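We call the chains A, B, C and D, going by the order they appear; numbering starts again at 1 in every chain.
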Amino acid sequence: MSVYASPEEYGLADLLCCAASHEVLDNEIVFAGTGLPMVAIMLAQQTHAPNLKLIFEAGTLDGRPPEIPTSVGDARCEMGASRSSGLYDAFSIAQRGYVDLGFLGGAEVDRYGNVNTTCIGDYLNPELRLTGSGGNPDINSFASRTVFIMVHEKRRFVENVSYITSPGWRVKKWPGGEFVHRRELYGAAYRGGPSAIISTLGVFRFDEQDGHMYLDTCHPGATPDAIKTQCQFDLDISRVKGETPPPTTDELRLVHELLDPDEIFIPKTKKS
Amino acid sequence: MSNSKRITLQQAAEIIKDGSSLTFSGFTIWRRPMAIVYELIRQSRRGLHLIEVQGGSETEFLVGAGCVDIWESCWVGHELYGKYGANLSRKVAEKKIVVEDYSHAEMLFRFAAAASGAPYAITQTSLGTDIHNPEYDMLGRAGLRDGTRIAKHKYQFTEDPFYGAGSLVLVPAAKVDIAVLCVQQVGEEGTVRVNGQYYSDPEIARAADITIVMAEEIVPEEYLRRNADQNTIATFEVDHILECPFGAHPTGMFGKYDVDGAFLKEFYTNTRTQEGYDAFAKEWIHGLDHISYLEKLGWPRMLELRANTAMNYSPREKKGGN
Amino acid sequence: MSNSKRITLQQAAEIIKDGSSLTFSGFTIWRRPMAIVYELIRQSRRGLHLIEVQGGSETEFLVGAGCVDIWESCWVGHELYGKYGANLSRKVAEKKIVVEDYSHAEMLFRFAAAASGAPYAITQTSLGTDIHNPEYDMLGRAGLRDGTRIAKHKYQFTEDPFYGAGSLVLVPAAKVDIAVLCVQQVGEEGTVRVNGQYYSDPEIARAADITIVMAEEIVPEEYLRRNADQNTIATFEVDHILECPFGAHPTGMFGKYDVDGAFLKEFYTNTRTQEGYDAFAKEWIHGLDHISYLEKLGWPRMLELRANTAMNYSPREKKGGN
Amino acid sequence: MSVYASPEEYGLADLLCCAASHEVLDNEIVFAGTGLPMVAIMLAQQTHAPNLKLIFEAGTLDGRPPEIPTSVGDARCEMGASRSSGLYDAFSIAQRGYVDLGFLGGAEVDRYGNVNTTCIGDYLNPELRLTGSGGNPDINSFASRTVFIMVHEKRRFVENVSYITSPGWRVKKWPGGEFVHRRELYGAAYRGGPSAIISTLGVFRFDEQDGHMYLDTCHPGATPDAIKTQCQFDLDISRVKGETPPPTTDELRLVHELLDPDEIFIPKTKKS
């Protein structure tokens, strides 16, 4: 029987990690990025999705690392894996359509789920050059569903992202750059799109038909109206289901005792 | 063999001329040929065109030192030890570097195309993103797309004529002068055995016109040939070899040593400004050679990083780099 | 694991329906899944569409038995034990089979494209040959190019827009329903380890919608996972597994047993006519199962073929099949 | 010092094998097909080209088999090789331009070196379906030079081959099918073409400019005029250099004692 933790027993990172973990279904093939997503997926593997299969972008197929890797290139990825290969295999498998779910991050997002990890400001005269796309657009292009984990600030939930690094539900059709539904561009590669944004305030989903983001659940302490004010675009709050479930005590124990005891990605904010 | 492929660290760096295009083995902060990167910085190499499947610490070291004019890739940072490339970011803001952005899969497929002798790759990744924004063709804007080593177009669009799969993006093969690899083992004749994830090493070695392999150890060729199905790259794809233990430090090497997170964190923290970079380079690069660098790092540090044979990583290294 | 992938030899053949498109592991006379091929013949499968990187003994057995309507490939024969495919040749003369010819590299690149989710491959091979003769598009002539599983065109021509590399031929991805592999080891969860040359096994396993792996032995998954960098195919690319020792006979298996040249030569010599084929099949296929087939072959024959562990082939097998 | 064998000491297969071996230069990367070509290349490796590197189509890179493989898929290929891989690697390496020389066979050849291994007669109503192309056109397309070893009969040296399986110096430009110089079609992949046909009567080469075959040397016992009558096309015999050098006693010893002692590919026709 799962028992929800009380508010003083968990921190925001715990909440995000567990919410992300709940996005995984059993038997799915999941493309795991570095950091909190990796912990979330390994948590799902330890709880409700024991048969999920992990792919690490750098080349690990069906990985079962005995301890959390510090990045997808880490030597820890390979131990216990079905196959250790390279990026050609990882991306070929993704493009071939094997991947059910990808976990990603972003600096900015718009109402269609277009995500930016490239630069802030005009690309030709940027205020700040960020880390770049990495595999963000690739995993997102090819997976059936992608989940983004993001810090929620009004400057990040924007009307127009500075640069569309990773494709949402409505994307730019080149050379003109007009927005069209993702389905129109992707052809045989169309398998879905961003299925959830898990921010530090709530969980957001998308209407597949019109491609618009809506608020699904609010994290404890946040209200739909308060969240709406933290978006530059007009957030749809008409479909809110309620509150994001808090972590269970079992989940917290797994995260802090088994998966990330060294607090590499998830701090033990509440000392018990 | 009479035609020895052995060279020294200094010679390896000298093969890479001002203006060369260059790519590296490894992944972000793993198996980067740092000893050669340091030597390039010592030799004040200029005008390099880096074409990388993805960047990492090697990018930041070279960019900070002013060696790089063009960086064509998709990502730079030090993973959890430095979340973006502060040196690249500074040079971009100062317009001292041309950056051409592709996606990670696009970069990989570009190298795979080059490695198999195809002029371009077709894919369906990243459609609808600003990666394909025609305004953002930076090599085109710089007037460098002459169709010889740099393709005439950043990409082209087409439709699938066979199965109606829809829109496709064509991305040009990555034509690169020199690939520099850092691996666990190379045989005397050039056979490479990579342990663990091989990342995009096979593709870059085959794509490049000249391939230099720096290994933790040069082993008898016959040892590797006993199990040919465990080898990663064949002799004739490798032009030069050298032995350089701990040559990937501060990046990590599967089965040998972990990433030196503290070192990278210090680099990241201290090199946000050019002055900070110069001070770091003065301390850790200039005036040193590989052995004095290792001596400066010291035994306790390196023994901490040493991988456990059964696990292929260090159980002692405190992750997070604190 | 609760979701076992294990099936029987009979079930493996039953997964392959009349009209399925099909491809196989191995190379000409090595590592062909013959035990399943025999079972398909026993089950009188009809209307198969073979799409093979290259054919071999498995092709000749299936074609002779009348299982195959379409053969799309580049080569058939038994190497030095039978220099061409006499059964295919007979069926071609009788117009009982549609043959679509590509080159070997084209077939390989077609599977590589399918395996990486691309609708087609680009290459510069075979330009100017009759392989690209528009009159010789046999699937087109047969009215089968509907653009679903069989591409709308046999090939297309284009020019390289990036580097001016000249004429290119585009060949469609090989879309195939089922890949049947025959390998040395598979883990309980489906991890495959191939020893020796892996031919085009990784590409066909990933390209096919359903992948069946028949292995000399099913080993504990954990044993293969101890050295993930020595494995060839990952679990999730494999749908069904079965253990069938000597399942490749009369073709060979690296490290396990050599090609049974005498057997193939007898097949080749005796199956030039349909009557000869039928007699051969009556003796060696119908009315037998895998164990009674092995018993009929007998111990002395199989011990002769047995590979030496240090060499991975049999030092005792008299080559040439005499 | 090399001593030529006397006529009674060698057979025709020996002569072809040694003539083929002489086509190899040291340090070359050679794509080796099954059969007599494999013996010829391994002979070159044992004599004047110790640093040549063998590629077997099935996936062996820089192979050094301790005994002659029965085919390129043979387990014997892998032993002592630099790398054992698969066809994707072998053909990628070829297309990338690594291969200096390929050795091939054929059933028919025309004056331009176009070779047929596919069928005899009209392709749509063939008299005889042959084995098919295999890697013949691929190796020939990508290598700088290719050498064909063929039985010489008038029905094989033809005006027009039944089917161009493997490209010569002048090939068909589709969709029209008119003959053009290979250079016009191959673009960046143009590196050369068939450099020699070694038949059972003589050695033939090609004028790279006009793409026509000419007789280079006659095997012992054959004359230019006699060879000319064995071709359906008008063979250029104006450039004949003389007689094909016979095998040396050293070469014969290597072939029959070291490389092919079991007479798998080369019979010991002359018992000594």
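Rule of thumb we're sticking to: a residue touches a chain if its C-beta (ideal position, glycine included) is under 8 Å from a C-beta of that chain, and two chains touch if they have at least 3 such contacts.
As the structure is a computational prediction, the values presented were derived from the model and not from experiment.
Any chain bridging chain C and chain D, meaning touching each of them, is among B; the list is complete. Remark: chain B and chain D have CA centroids separated by 41 Å (rounded to whole angstrom).
If each chain is reduced to the centroid of its CA atoms, chain A and chain D end up 57 Å from each other.
Per-chain CA centroids place chain A at a distance of 27 Å from chain B. In chain C, the residues that touch at least two other chains are 117-119, 123-124, 160, 163-165, 196-198, 229. Multi-chain contact residues, meaning those touching two or more other chains, occur in chain D at positions 60, 78-79, 84-85, 88, 91, 94-95, 142, 188-189.
Screening every pair of chains for touch gives A-B, A-C, B-C, B-D, C-D. Against chain A, in their complex, chain C makes its touches with residues 1, 3, 114-119, 187, 189-191, 206, 221, 224-225, 228-229, 231-237. Chain D meets chain C in the complex at residues 34-35, 56-60, 70-79, 84-88, 91, 94-95, 114, 118-119, 123-124, 126, 128-138, 141-142, 163-167, 171-175, 177, 180, 182, 185-190, 262-265. If you check the complex, the residues on chain A that touch chain C are 27, 29, 51, 53, 60-62, 64, 78-85, 88, 91-98, 142, 188-189. Residue ranges of chain C in contact with chain D, taken from their complex: 26-30, 53-55, 73-77, 79-80, 83-85, 88-89, 92-93, 99, 101-106, 108-109, 112, 123-136, 157, 160, 163-167, 196-203, 252, 254-255, 258-259, 261, 307, 311-313, 318-320. Residues 117-120, 122-124, 147-148, 151-153, 156, 160-165, 168, 170, 172-173, 175, 194-198, 229-230 of chain C are the ones touching chain B in the complex.
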